[in-house]
Structures are given as C-alpha cells and as structure tokens.
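Both complexes below contain chain A, partnered by chain B and then by chain C.
Up next is the complex of A and B:
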C-alpha cells in the first residue's frame, strides 16, 4: 500500500487529468448528442491544436495562451467545414464514425510528416510555476486546465439552460424538423455547435501541449478514456463528461499508484464496456 | 464444369508458387496479400453481412497470434498443433462476448463499434501485463518442411486459410444463414418477426469470423517470429479491414477480397520511411471517399452495372396446389387471456381477452391508441408481455422468442411498410419461406416467392428494390411477404390506409382470396366500410381492453362501442 501523501498526490493528478478528459469530452458530447455525429477526429484535432501551439510557442516564441487567438477561430472554421461535409453528403451516424476515422488517419499522417513520430515537449515558463499545498504539489498548468474545463463546461451548460439560443439548440436536438417548423434556424445552429466543438478541441490542444509530451500515436491513447467519460456523463451534456472524466481520472490514478501503471487503461475501457452493456438505451 | 476446371487450374498455379524458386520477397508479399484477404473476408462475415461493424477484429487476430506465440515460444509445442487452438481461443472469446452483447437490443451500429474498439484495448492491456510482461515473445517454432523455404511454407498455410475463408464466405452468402444475416443488416426486428433466429445467427457469424481471424493470427505469429503487443493489437489492422471490405463491397462474399488486394498493393507502394506516412494518409482519404461516394464498393458498383443489363429471369410457376380452403369453425386458433403490457406507466394493454376462430376474418377496431398495434406486437413476440396468456393452437406463446412464433405459423404486416431496403422485392418475399413452418432452401423459397409476386401483381417489380416502389406497391409487398410463409394466422395492420378507393377494392379482393386459401386473418382497420364488408366477426378495443366481440352489425351498435368512438350520450 502506498503512503497517504502518494495517494493524495495521485488523487490530485487524477482530478487534473480528469479535467482534460472532460475538456476533450465536451466537444465530443456536443457533436454526438446534438448533431448525431460520432467525431473520432476530435482527438486528432486536439493534437493538431497542441502541435500548432507547440510550434508557435517553441519556434515563433508566442505566449502559449495567445496562440488560442489563432487556433480557436481556425478550428471553429474547421468544425463548420466538417459539418458542411456531413450535411452535403448526408452521412449517417455510423458513417460519421468511419469518415472521422479516415480524417484521423490523415491528420495523424500530417502530424507525423511535419513534426515526425518523435516525442515533443513544449518548453514554457508556465511549466515551472508550482505551489506547495501541505505535502502536495500543484502546478499552474494543471490548475489552468481545470479552470478551462470548468469554465467551458459550466458556460456551455448555462447557455443551453438559460438563453433563447440554448433553448433553440435543445429543441433542435430533440426534433430538428419540428424546431425548424417553429422558426428555429436549425442549419445555422448545427454549424455553430460543430464550430464550437472544434474550438473547444483547440483549447484542449493548448492544455495537452502545456501538460503532456506529444507524439502522433498518442491520439489513440485518449479515445477510450474520453469516450468512457462522455458515455458515463451523458450525450449532449456539458457538465456530465467533466464529472465522469474526473471520476475516471482519479480511479486510474489510484490504480496506477496501487498496481503497475500499465494496468491503468483497463479501468476506463472496462468502464466503457460496462456502461455500453448496462445502459445502452441512453445512447440511441 | 468450366468454372470447376478454372478453379482447379488456379489452385494448382497458386500451390506451385513456392516450388519454382522465386525470391523469398515475392512469397512474403503474396503471404501478406493472402492474410489481408483472410482478415477482410472474415471480418465481413459478421460486420458486412449483418451490419454489426466491429473495430475489434485486430483483437481476435491478436488472440490467435498470442495463443500460437505462447504455446510454441514458451511451452515448445508443435506449431501446426497450435493453429486449431489459436482459432478456437479466438472463437471462444468471440462467443463469450457475443453471448452477452447480442442479447442487448440497443447495442448496434456505432455502439457495437465502440464496444469492440474498447475490447481491443482491454485485451491488449491484459496481453501486455499477463502474457508477455512487456518485451514481447520470441517465437522459435519448427516449421514443417512442406516447401523448400520457410516463407514458402507460411505462404502455403495462409493460402489454405484464404481458401477456407473464401469458401466459408461463399457458402454463407448463398445459404439461408447468409440471407438471414442480410435481413438482420436491414431491419433486425422485422427479420426476427419473419422467423430469422437473429441471436443465434449473429453469434454463429461472430464465432466463425473470430475463428478465421484467430487462425490467421496463429500463422502470423510464426511469420513475424517476434510478437509484441503494440504491433499485434493495433487499431491500424482493425481500420484496414474495414477499409478493405468497404472498398471492395461489403454486400458480396468476394468484395472484401477485392478490396484487400487493392489496399495491400497500394500500401506496398508506400512502405519505406516517409512514404509510409503518405500511405496512411491515402488509406484515410480512400476510406472517406468510399464511404461517402461508393457505398456499394468496387465490386458492388460493377455488379450493379452488370445486373441492369441482364433481363429478369422469370421462373415457371410451381406445380404445387394452393392450400385447401378451410371452412371456418368455432374452434379457436388463438386465445388471448388477460394480456397486459405497460410502457413506462402507460397501460397500453390492460388485460385483453380475445378469441380468434379458425378460418375467420376477425376485424379488430378501436380508436387511435387503443392498443391494436401493441396487441399485434405482443402476439408476434416483438414485445414481452407483463402478464396473461396467449395460446396458439393450444400452445403457449408467452415467453417464446419472435422467430419461434413465426415458425409456429403466425405472420404480420406493418402499418407503415418495413421492407428490407437493400434486398430486392423477390428476396424480400423469399425470406419468410426460408424461416417458416416448413424450412425451404433458397431455390424453393424463391419459387414460392414468385407465386406471391404474381398473386399481388408485383411480378414485374421482382428485381427492383423496395425504395423504387410506390406506397400502394409497398403495401402489397408487405402483404406478399407475410403470405409467403403460408401463415395459419395473419395479422393485417391497416393495409388499406393511404390507398385510393380503386386500390382499396383490389386489396379487399386480395384479402378474400387469402382467406379462401385457408389462412385465418385478424384485420386491423379504421376504414369501416372495409371492416363491415369483409369481416365475419369484430372485436373492439379501447384503453387496452376488449369491450365487445361479435357479428359486425351488432357490435357496432353496442352502447359501449358507440361511446368509445363518439363519447357518452347525454340525453
């Protein structure tokens, strides 16, 4: 049994990694729940965002947070383009999965071609900022990730819950033709949601670059965990995936502390399988 | 005869390859080509035929690899002996998984795909931690001396596996089994109600698919000679087999093989260094293009062109006489007692009692939402009842799966026609006879189908797809499909709604003709003219209860019935 300090530090790091799961899951949950698209390319987009941030920060010496001014709008446009593609060819739900798998391969190949398959780590001044909290350590980049995740999830929730725009989006989710008949511009809302989901991927990319080493193969490493978080938290819900992500992150961290770290993927994937088997009706 | 000779010649040429002294490189390339054919074709047996897209094929392949690697590398078994075990291990795993997964009705489409993706990672984690402990397994097996070189032997083994796989795919494609799987692909619920044992078929297809992948894995363990988790349980393999099958065409037994050859040759052109990256991007691009622009795949596209050129072949009418007319009697064929069904608190059926007598046409009427369609769904086994009993010819139906009920001789139509969209009209109608009371092979089922095509005046549409029919023709297709299994009891769910008066007259003639052939009919309808004209007796349902049963004229004057339709009289 590991010491209490180690366990505490594990739980803390689990919370932070869980925040990133939730951040990645936010976009996925929105596009699946509201647009009926399972967007595997979301992960590739987030990594693309991370690499672009890395490039701008490491080579052009731009402050990592300033890069968002470039990546977020660019990704918003990418998200809209993807939605246009799905509408133009009326791609079915299962086929969105296959098409975005194809897009993932293309982005992954693109990353590998430009940045090679080697690991990259973004050096930046923020990484060095750490605080001591009793026996535990906190780093600024982790706290920033949690902050982004909380702000975006709660913000999205509030927009959906309290504004007319949110009401229109929820109505469209429930029955697009009927919503359209009542004067909701459901096409425009679709582009908006898809664009926002991609813009969130840009934010997630920034957090990835701040906290993690980057390699193209790692795109796949995040899929299972984030899908588990999204499906536990609920499709089309902003806060659910974050809460579920933190639960998964903490259970993974404890698994790693107690047993061998290589067992960690078993936690999230077993959870995902269990949810699929026990509550499949939630997703149809 | 000519095809047999051609096949024999091809087989001899392929078997001779290792003995002509080609450089080992060619043997290895052909080996990879064949293993791609095995993997794509075996994936297609479940995923292409029945539409359960799996992203976990790499996992079953991996189980085969690790079985052989562990048995030869760690325990020193003879390599050939491990191959059946590799297939068996993958199959057992597939069956165990399918036995759980296929019971869950909602686990289809993207959810099944995600589930199988997750299984891959779980197995990879277990293999990494429990079997090879990280560094991988060295495989030093004695390769039997079947050919001059080791790569030649592996080529021959994979050739045998490919032949076995293609033969399996061909046989399944042309059998009842394959037809049932294609029906599951299009509409699983309807397939089950038409008599297809969907659960068993999916499980069997999955088992065969996994076993063949495991076999390929077993051979591959020797080919790579050093087995690691990262290389074995790769997502790339799962994606590639999906891509190959989609490219070649998932709805034909040979489609995946065509795609496998195309992709393997393409990837071979981009093997070294940076070019491999371009290869990966290209496969992604092709996947997108194929999914969006070529849903039928290369082979499907070619066959489509070919099919429109060949004129539809009309088979001769079969000689068998129609069933003899049964005089209607007072003997009940179906006895419904106290059947209840609730959906989340809405009591759709609240203790229905109903008697259907042999040979009659019973009209089942009632206001919208009174439970008529639910009753059909319950009797045909689509919904499980909450309570009560349903006896058909004295046999209890409650608790039986829908396909057993179909086999007992009960058929139904759907109010909104639900044909299998990707089967032709003829194939649609030929399906139920293959799974009916008397199981027919495909040829006699198609003969039977022709009879009903002519009966419903759809013969000239036999080779069209349901999407090309108008509503009136689709309703008749629905009828023909229900009739083709020669049911003893037939539920017609609003077959007349949406028809013009002229079309309606035709339909009424048809329904009488059906009865004259001996079927008992329960006729659910809102068109009162038809009900009064056609039925022997009428039963009225409201709020999930049968409130009256008897001769049409009397029942419709019954005060409870009048108030159910028009409200209570305030005098």
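Up next is the complex of A and C:
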C-alpha cells in the first residue's frame, strides 16, 4: 500500500502536469470552439515558443520570464497571420486539421534546421528553487506553470463572461450573422481570438522550456492527451481544459503511484471514452 | 593567352601538389557506391546526425587514402524518417534502382530488421551498428559492428553490477525502473535475473511506456523504496527527465545506472554526476592512443560543432558507425572484392580491429556469446570517463 507521502507527492505532480495540459489546451479550445479551427499547429507554436525562450535565455541571457515581453506579442501577431491565411483561402473545419498538420511539420522542420534534432535544456536559476511543505516538495517552475494556467483560464473565462468584448465573441460563436446585424465585427474578433490563442502558446512555451528538455519531435508527444483534455473540458470553455487536464494528470499520477506506470497512458483516453458514453451531449 | 607570374605559380603549385600525393592516394575510375539510410528526421534524428557526421568523415578519409580497390567511394544516403517500413522501401530502391555496390547500416533495431529482410532477399552483406535484440538477427550475412554480445540481457547487467561492486559502498538493494523500449526493456528483464544470481535484493520494479512525460510519481516511488542503486532501463532523454523529477522532491539515488542516456544533457545536471552508463568508446586514452583515432576525435569535434550537435565528443554512437566503415574497408581490402558472398565468407572467418577492440563473428548468428566489447562509463565532474574494465579506464580514473 503506498504511503500518504507518496500519494500526496503524486497528486501534486499530477496537478502540475495537468496544469500544463490545461495551458496547452486553452489556446486549442478557444480556436476550436470559437473559430471552428482545429489548430494542430498550436502544439508546434508552443514548442517554437519554448525554443525561442531557450534561445533568448540561454544565448542572449534574458531572464526567462522577461522573454514573454517578446514572445507573447510576436506570437499574437503570428496567430493573426495564421487566421488571415485561413480566411484568405476559406479553409473549412476539416481542412484546418490537414492544413495545420502541414504547418506543424513545417515548423518542426524549421526548429530542427535551426536548433538541430538534438536535445536542448534551458539552464536557469529558477529550476533549483523548491519549498518543503511538510513531507511534500513544491518546485517554483511547477508552481509558476500552475499559476499561469489558472490566471489565463480564469482571466479568459472572466473576459468572456463579464465584458462586452466577451459577449460579442460568444454571440459570434453562437450565430455570426445575427451578431453582425447587431454591429459585432466578426472578422476583427476572429483575429483577436486567434492572436490570443497563439500568445497563450507562447506562455505554454515558456513553461515547457522551464520544466522540460526540448526536442523537435516532442511536439507530437503532447497532442493525444491535450486533445483528450480539450474534448473533456468542452470546446470554447476556458476553464474546462484546465480542470480536465488536472483530472487526467492526477489520475495518471495516482495510477503510476499504485500500479505499474505502464498503465498510466490508458487513463486519459479511458476517461475520454467514459465521458463520451455518459455525456454525449457535451460534444454535440 | 598571356600567362602572368601569379597564374604560372598557381599552375606549378597544382602540378607539384598532385605529384606530392603518394600514388596510392589517387582514387580513379568509376566510384564504388555504398548505400544506406539514416533517420535524419523523426524521433531518432538526434542520434542519426551523429552517424551522418561520422560516416562523412569515414568516407572522406577513405577517399584521401585512395578509396577502395583504387576506386573512389560514394556514399548514397537516404532519409528513412525513423520509419522501418520506409527503410525497407529505401533499401530496395538503393539495391535495385540506385544499383549500389554495397549497403551499410541504418540506425536502430526496427530499421535494421527492416533492412535485413531486403539484404536477405538480394543476398547482400549487411553491417549493422545498433541492433538491440541479437536473437532476431537470423540472416546469415548480417554482421554487427557495435561490439555487442549475442546475449546482452546477461552480459550487460553483469558488466554493470561488476562496476557497481567497486563503488565505495557496494549496493545490496536495487530498484529497477525501465522503459518499455524493446532493447533496454529486454536488458532490464535480464538484469532482474542477474541480480538474483548475485545475491542482490530487488526492492522495486517499475515499467513505463517510452515517451512518458511525467516522472513525478515514478520519482516518488523510487524515493520511498530507498534503494542503494537505481537501475534505469532508460535511453535518450528519459534519464534526464527522471532525474529532474527526483531533484524536485529533493531526492538523489545513492548510485545509479542509465543504460544509454543522451550524453550531452546529462553533463550539466548535478543529480546525474556519478551516474553509470554503457559505452564502447570515450574520447580519452587508451582509446585515443592511436594517432588516427585521435585525429578522428579532433575532426569529429569540429564537424559536430559545425553541424550544431551540442555534445561534440566521440562516444558510443559515433564509435559504432566508425567501426562499421572500418569493417567494410577491412573486408573489401582483404578480399579485393565487392562480391557480397566473398565478403560474408571472409567476415565469418576473420576478425577486425576497430577503435574500441577486436570484432569477431564466429559465434551463434555471427555474434559472440558471453563476451563483448562494451565498457561501463561514469559521469565524473561533467565528463564521461570509462571506469570499467580497468584496462580501458581513463588515466587515473576510478569508480566513485
């Protein structure tokens, strides 16, 4: 029987990895739910963000958190450019899947060309900071990831729920022609949402660089589980992927703590199938 | 045309430099084409670039020495994208469409197995660098150049436990944590049997899927098991991720092995210092006592740097590829033939001295059972050095 310390530390570990799932899922959920774009390139953008953060921090010696002042606006512009591309060529929902897969491959090739396929690890002073909470340990980089995930998810939810901008975005998602009849600029909102989703990818990139060793091929390692979190959390619902991500992360971590860790990857998809069976209306 | 002084000097210099070359160094005639694939893209690309840089140096050196049989050597390389099914197709193309004279090794077990099937169909000799499950190598004209034994699941755990027994505090309790990546998994399964025979106690046995992202719970379980020695059935970046997770909970195993770690990222990790790993070659004496090998180490460092490879020292990966070209050169030069059957027959009866020892193929399935050329290295003060067996240890290096 695992000890309380083992279970507690595993739950914490699950919460932190789940926060990263949620952070990666937030941008994906926004573009899928509100723009009807299944943007696989979101993962490539997050890794591009991680590599740019690595470059700025390791080579140019910029503090990793300060890099956000560069990457977030740059990625916002990149997100808008991507949206322009989708509009210009009238890419349909299904085709966004294919097109963004192609864009992912191009970004992956670009990363491999510039940074090589080898592993890169961002040395930073923050990685060594940790706190003891009774028998449990918390690391600064994990807490920061959770903080970013919570702040962005709750912030986005609040904007959508309480501001005129948020109401306009939700109205456009519900019925774009009617929203336009009330003076909502659908195009402009599309650019804004796409830019925000890409900026969130830059933040996720910072968290990836802080917590993980980077390799171009890892872009694909996160897709399955983050897709599961987004689908479980609900499309276009900012807090949903974070909650679902944490549920998946904790479930995986407890599975690893009490059984053979080889069973852990089955958890996310088993949960997804269970929700599909029990609450099919959530995905309609 | 007016010939000025500068042109005359240049022309004279060119003629003199040609004459200055020893006669054997001028390869002539139709090139000998040697075909292979490497995973230049996909999950194995970080290792393939090491093999590519090494092979390019080998071919360049070969041509500087006069090529093979007096003819220049041309290496025909294709990208198999880390996909065994594509490897199969590409080897088929290399043999039937590109009409290569000989084939050389792809990278990693699954791709080598795919290429082996094609080699068998066309009766080609296949030298291979990195085949993790020797018992699956049934083809009569396949020859490994990695120095691995027929039974790595028995030989390699014994190497590691022999080395661990020399630690200041020899371990009595072992935690085995292994990826399900086929080769390291098979070796770790073997380690469980070996440790029992050696009277050691297994206090934890965990398996995880290759590509695992979160090592938090695994780290906590190892910490709770509190072993004397962590057996990491790991390769690539896994050990780094596992050790990072352990550092986060303020834990470091008293001693540890990680079978085939990515050498670069481990170097700067405080938690990785003292870690053991398997290797065939490291860039220090006695390996570099041979001036040709010392020159290769120097050239590789330059080329690897130019190719953007962060870890520029020659180690296991580069050495096994270098050995593959040494074996090919030895076989062709000794037989003065490009005929695969002749080359295969010669390899079975002979041995070839390579940069990390002497390769032989006179045992079961062209392997040697119970013996190999692998060594145990240790990360000491940010540098990998061989510590076991003693005759291959770096000068003054002791296991710590």
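Following the convention adopted for this analysis, the second predicted complex is superposed on the first by the 262 of 284 C-alpha atoms of A that agree within 3 Å, B and C clash if a C-alpha of one lies under 4 Å from a C-alpha of the other, contacts with A are read in each partner's own complex, and residues count from 1 in each chain.
The working rule: a contact is a pair of C-beta atoms (placed from the backbone, for glycine too) under 8 Å apart; a residue touches a chain by one contact, two chains touch by 3 or more.
Values in this document were obtained by computation on a predicted structure and should not be read as measured data.
Asks: Touching A:98 in the superposition: chain B (first), chain C (second), both, neither?
Replies: A:98 sits against chain B, while chain C stays out of touch.
Asks: Based on the superposed arrangement, let me know which partner A:130 touches: chain B (first), chain C (second), both, or neither?
Replies: In the superposed model, A:130 contacts chain C only, not chain B.
Asks: By the touch definition at the top of the document, which applies to A:276: first (chain B), second (chain C), both, or neither?
Replies: After superposing on A, A:276 lies in contact with chain B but is clear of chain C.
Asks: Just to be sure I read the superposition right, which of the two partners does A:38 touch: chain B = first, chain C = second, or both, or neither?
Replies: Touch partner of A:38: chain B, not chain C.
Asks: After superposition on the shared chain, which partner residues are touched by A:147: those of chain B (first), chain C (second), both, or neither?
Replies: Neither partner.
Asks: Does chain B (first) or chain C (second) touch A:5, or do both, or does neither?
Replies: A:5 contacts chain C only, not chain B.
Asks: Once chain A of both complexes is superposed, is A:222 in touch with chain B (first), chain C (second), both, or neither?
Replies: second
Asks: Touching A:17, do we find chain B (first), chain C (second), both, or neither?
Replies: After superposing on A, A:17 lies in contact with chain C but is clear of chain B.
Asks: Check the residue A:112 against both partner chains and state whether it touches chain B (first), chain C (second), both, or neither.
Replies: In the superposition, A:112 contacts both chain B and chain C.
Asks: State which residues of chain A lie in both footprints, the one left by chain B and the one left by chain C.
Replies: Residues 109, 112, 260, 262, 265 of chain A touch both chain B and chain C.
Asks: What does chain B use to touch chain A in their complex?
Replies: Residue list for chain B touching chain A: 53, 100-101, 104-107, 109-111, 113-115, 117-119, 121-122, 124-126, 128-129, 134, 235, 239, 242, 246, 274, 277-278, 280-281, 283-288, 291-293.
Asks: Quick check: in the complex, which residue numbers of chain C touch chain A?
Replies: The touching residues are 41-43, 45-46, 48-49, 180, 206-209, 211-214, 216-221, 224, 236-237, 240-241, 244-245, 248-250, 262, 264-265, 268, 307-311.
Asks: Once bound in the complex, which stretches of chain A touch chain B?
Replies: 38, 89, 91, 93-95, 97-99, 101-106, 108-110, 112-113, 220, 223-224, 227-228, 231, 260, 262-263, 265-266, 269-270, 272-273, 276-277, 280-281, 283-284
Asks: Which stretch or stretches of chain A touch chain C in the complex?
Replies: These residues of chain A touch chain C: 2-3, 5-6, 9-10, 12-14, 16-17, 109, 112, 115-121, 123, 127, 130, 132, 137, 139, 142, 211-213, 215-217, 221-222, 225, 249, 252-254, 256-257, 260-262, 264-265.
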